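Here subunit A shows up in two complexes: once beside subunit B, once beside subunit C.
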Partner chain A sequence: MRTKPAIRSFQYVAVGLYLIFLGFPLLWLISTSLKSPREFASITPSLLPKSPQISNYTEALQEQGLIRSMANSLQISIATTILVIVVSLPVAYALARFRSRLRPITNGWILVSQVFPVILIVIPLFMILRPLHLTNTIPGVVIVYMVWSMPFALWMLQGYVAAVPRELEEAAAVDGAGRARTIVSIVMPLLRPGLIATAMFTFISAWNEFFFALVLLQDPQLKTLPLVLARFVGAEGQVQIGPLAAASVLATVPSLVFFAFLQRRLTSGLLSGAVKG
Partner chain B sequence: MRKPLIALMAASSLLLLAACGGSGDGGEPAPGEKITLKFQSLAFQKTTVAASKKIVADWNASHPDVQVEYVQGSWDSVHDQLVTQFQGGTAPDIIHDESADITGFAQQGYLADLSPYLSQATKDAVPQGVWDTVSTDGKVFAAPTLLQSYVVFGNSALLKQAGIATTGDSLSWDDLQANAKKLTANGKYGLGWGLKSPTATVLNLGMNFDAAFFEGTGRDAKAKIGDPELEVPKRIHAMAYTDKSIEPTSLTQSGSDALPGFFAGKYAMVVAGNFTAQQMVEQAPKGFAWEVLPPLKGTSEKQAANPQTLSVPAEGKHIKQSAEFIDFFMKAENLAAVGQGDWLIPTTQAARDVIQQATGGKQGWSQMLASGEQLTKAPFQSVDNYPKWKDQVATPALQEFLANKIDLATLGKKLNDGWEQANS
Partner chain C sequence: MSTMTATRPKQKSPGRPKQNREAIYLFLPALLPVLLLSVYPLIRGILLGFTDARAGLNVTTEFIGFDNFTRLLQNDLFWASFRIGLIWTIAVTVLQFVAALGLALLLNADLRFRGVARTLALIPWAMPPVVVAIMWRLLLHPTNGPVNGVLQGLNITDHPINWLGDFNTALPAVIVVGIWVGMPMTTVTLLAGLQSIDRSLYEAAAVDGASTWHQFVHITLPQLKTVIVAITSLDMIWNFNSFGLVYVLTAGGPGGKTMLPMLFAYNEAFRYGNFGMAAAMGDVMVVIIIVFLGFYLRNRLRSEA
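On to the complex of A and B.
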């Protein structure tokens, strides 16, 4: 059935407006990063900078060790994402597929674990990690992020596993495939969108996390990006708006690249028609 | 059959190990080894960061056995960071923070008594009223370095046009009100005042009228809300709603949010922290002339002092050496450099003199330095639950009053009764 031209035009306009709505904050951020201090203090702010300048970028890059902190954040976020996916996948599969008394308890614990405020657990966590020499180290932060992200990742993955029809696994079993082969050859490919979505969630959680990094990392060489961005905020509400905007623009680049890379693999509809309705 | 699953688990372990590439936190040096002290600085402006690093470099050059490592911290998160570091025993050797924030740490015994270690020169250089803000039970838990005060900034052209002179040793609140009224005409206002978070302003400037707000100290303190305590909010309210000389939307803005209106000539004066002068220099339109008016005066020019401080953890292994570095930091030239960089007032007269000489008193420095002479300890600085009362009681009550939703008597009752709840 063909869409009428008028409706199609309306759809394009709606999508265009939605994209403008979504993109406006980024546009405003980029514009701000190119403005001079005098333009920030204008009572009638302009959408575009009157005389664009890159001094905010040079200042952000020179003064705050931004690149190093981005590399740290990237290292931590990627390690956390890989570990969370690798560890969560078999657990999520077991929770989704095997009936046991532990299942409701585990699910209950997953939910309960999400309600603890960070401030409540950070001191005990610090006391545990310190004798293990894991404070002020990247592995220490990765472990904490992994533990912190895993409950929700498990919750997400469990749902995706449950959505894979059992009939496909049964068919594989009939064809002689064992459990492991079935998981690797049948379930994993069908789970790909779920794995990608979970990876994105985990990556973003680690990329943006501030408080654990603040407490655990003291060495300036190990500071993550959110810690460095916080440096642009001073006492009494003073903010270095230009360098902060420039640093924020730069901070979005790695996550945009990561998303662009993964988004192409985030396809859906693989299960359509997999089993006869 | 199990191989893929085992491989997955093994891979996770390998990846975990592969991620292990960071540095450790190190330990204390063995006897005879060179000492390295960690100095966590919250310097914010580029100039102050540079000045602080230079102080560290100068110290390191002249003290080969006691090296100081500069660690950059952030004002935004220092309290939470210190809470954990004190608990975990990993606090830096030299801690930069404001006195109001570390008072609680001092009372909990986390900070060393510096009085046996600081030099007599440092002790003599700072007024007793400022030492009081960092002292308890005869112990000195920090060295005060920089101060801020609230000052009135004026648009020179508009003040001149209205025939308002800005000379003299002080500016009475009555004069401020009269000037604001005189400057209010043709859709323009006399005053813009960013009072989005009004408590600090009201309590600090309240000392102009001997406002105490609290009697006693610690958890035994009682609220004391009478006429002196309500004088500043009453006067602001009168200017906003009787004289209509305060631009009403500015009351809901932060101090820096109010600046664009000031630069655009929407109002002729603003009241803000003296450090705002730095934004005036950077952000004011070309040709815009501004000045700092003399310090505000009620029955006195007193304001509360909440100095930036340098302190040392009680568990620190090198308290003596840390205190020696603090002495070095407090030298007039050093303190002047960081004060000038942050547009804050040094706690020592010698450092103020250096800034006065370096700047010629221009860009408001004369008035700003003068406003720092009357800064002293306020009663609320000795009250344990003041931060809770400030956030949960005073700020919302003052916001309601300044929005003209409650009257002065109700404000007083809320401030008074709310203390019982906050201190419970």
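On to the complex of A and C.
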């Protein structure tokens, strides 16, 4: 279809405005992270730093609390991802392949868990984990994150499993392979891109998570990166804006790197989960 | 998918009892953690709203019926947070939807920056909410923020505005951030919906002489309906339940002007130790969501009938 030049230029203006609305905040954050203290204190701040410098990054990284919180976040996110995948894969397989009575129940639970305010879950969780001495511990946060990210992982994974042609499995069954063998040697390799996408998604969710961490982790030694960043903001009187911006950029890097790989798969996974699940 | 299973020949698809048994084995590793850390806490959380549970060890918890709820209804701060929550939810969801739909239509046409725009589109959603909040605090900073810089440069305002600290501007400012976070994801979802519409529908309509507007109303919107209903109801629920973004932006201030229901409940529970009261607040939120979903499901059933 041919579009009139006037309409066409209006379209470009609209998309341009959108890109500014989306991109400007990011640009400002990155630019602030590269500015000297004198520069962002100036009355007429400029979009790009006049003399970019990385001292904010080195300063942020010298902050002990920040390094430790990054290590905590990394540990928690990796452990959560592994657990979620290991536990969800069989369930996703069963959901996609069997007409069992557990299927409507599980899909109901997936929906319900997206709907309820977390305050209803977090108070009892707190009360359950405390006598087990799991509040204020990394394992405690990991198991909470596992259960909390599972619904979405299942949602994605069952879509991916459903996309694996059944005929391949049936052929394997005819050749005498048992169910477990079929899953491991036929389904898993075909599922690898979907598994990687789900793993990345789970990692990002755990890396970004704030609410449960805020409630469950009090010990300064155990706090995750989002908690430490939020605390910086709370103490704005003494906060150094440059290092704060630098730390914020660093906190976003893992999400963006994973996300760059993930982008295409994720949208298709969401859709196939929605359509075929 | 269910029909696929049903139409499989007998010898290749095991019977139902066997399938149930196999399914249970596959579910087993997930079952205990989910029951213990999701299902049970949820049920207990709902019931907690009817007790006087408080933070701290060795405190007896007694069933007190609807006391928490009557106390909530008499609390002005509850009503305020409820009102703010509704304004926030509706404003963010509706505005981001309208913007996202327009944008998705644009991006569906073959414009040059489509790829860039689509890649950028999901970044806000992948960013840690805490970082988004910090970023916007820098942007909206009363003295060093570029938003005031630009507005003053264009002579729209002669004095710097303390966006997040002023009674009148705090809620609108927070809403803008909410839109910034949510709109890209909505756009991408709608775009995917648009791309799944059969082109030949438009060709046929064009042959019949239908205008662009007619095509939009009679083809695009009906074809997108499922996607629109799904994404806006999810957005509404997510927005109604949101916490971290506004917690870091304003912590509910100034003077409670941005006190969303979740912030209210969080303060009740973890600042004042009123677990029962906070759970009651959660129960109220659940009822609101269920009523909303009820309307949505009824409409959907009616339109499908």
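A few comments on the model shown:
Convention: the second predicted complex is superposed on the first by the 196 of 277 C-alpha atoms of A that agree within 3 Å, B and C clash if a C-alpha of one lies under 4 Å from a C-alpha of the other, contacts with A are read in each partner's own complex, and residues count from 1 in each chain.
Assume a residue touches a chain if its C-beta (ideal position, glycine included) is under 8 Å from a C-beta of that chain, and two chains touch if they have at least 3 such contacts.
As the structure is a prediction and not an experimental result, all values here were calculated from the model.
In the superposition on chain A, contact of A:219 is made with subunit B only, not with subunit C. Comparing subunit B with subunit C, the partner in contact with more residues of subunit A is C.
Of the two partner chains placed around the shared chain by superposition, subunit B is the only one that A:79 touches, whereas subunit C remains out of contact. Contacts of A:9 after superposition on the shared chain: neither subunit B nor subunit C is touched. Legend: residue contacts after superposition of the two complexes on their common chain; A:87 is shown touching both subunit B and subunit C.
Contact with subunit B, but none with subunit C, is seen for A:136 once the two complexes are overlaid on the shared chain.
By the document's definition of touching, neither partner reaches A:55: not subunit B, not subunit C.
In the superposition on chain A, A:184 contacts subunit B only, with no contact to subunit C.
Of the two partner chains placed around the shared chain by superposition, subunit B and subunit C are both touched by A:40. Comparing which residues of subunit A touch subunit B with which touch subunit C, the overlap comprises 40-41, 43, 86-87, 90, 119, 122-123, 127, 130, 143, 179, 210-211, 214-215, 230, 233. Those residues of subunit B that touch subunit A in the complex are listed here as 1-5, 8-9, 11-12, 15-16, 18-25, 38, 42, 44-46, 49, 71-72, 74-77, 80-81, 83-85, 87-90, 92, 98, 148, 254-256, 259-261, 263-264, 266, 273, 275, 279, 282-286. Those residues of subunit A that touch subunit C in the shared complex are 1, 3, 11-12, 14-16, 18-19, 21-26, 28-29, 32, 40-41, 43-45, 47, 86-88, 90-91, 93-94, 96-103, 106, 109, 112-125, 127-128, 130, 143-144, 146-148, 150, 162, 166, 170, 173, 179, 204, 207-208, 210-211, 214-215, 225-226, 229-230, 232-233, 241, 244-245, 248, 251-252, 255-256, 258-259, 263, 266-267, 270-271, 274, 276. Those residues of subunit A that touch subunit B in the complex are listed here as 37-38, 40-43, 59, 63, 75-76, 79, 82-83, 86-87, 89-90, 119, 122-123, 126-127, 130, 133, 135-140, 142-143, 178-181, 183-184, 210-211, 214-215, 218-222, 227, 230-231, 233-240.
Residues of subunit C touching subunit A in their complex: 1-2, 4-6, 12, 16, 19-20, 22-27, 29-30, 33-34, 36-42, 44-46, 48, 53, 57, 102-103, 106-107, 109, 111-113, 116-117, 119-124, 126-131, 133-139, 143-146, 149, 180, 184, 188-189, 192, 206, 230, 234, 237, 240-241, 243-244, 247-248, 261-262, 265-266, 269-270, 275, 278-279, 281-283, 285-286, 289, 293.
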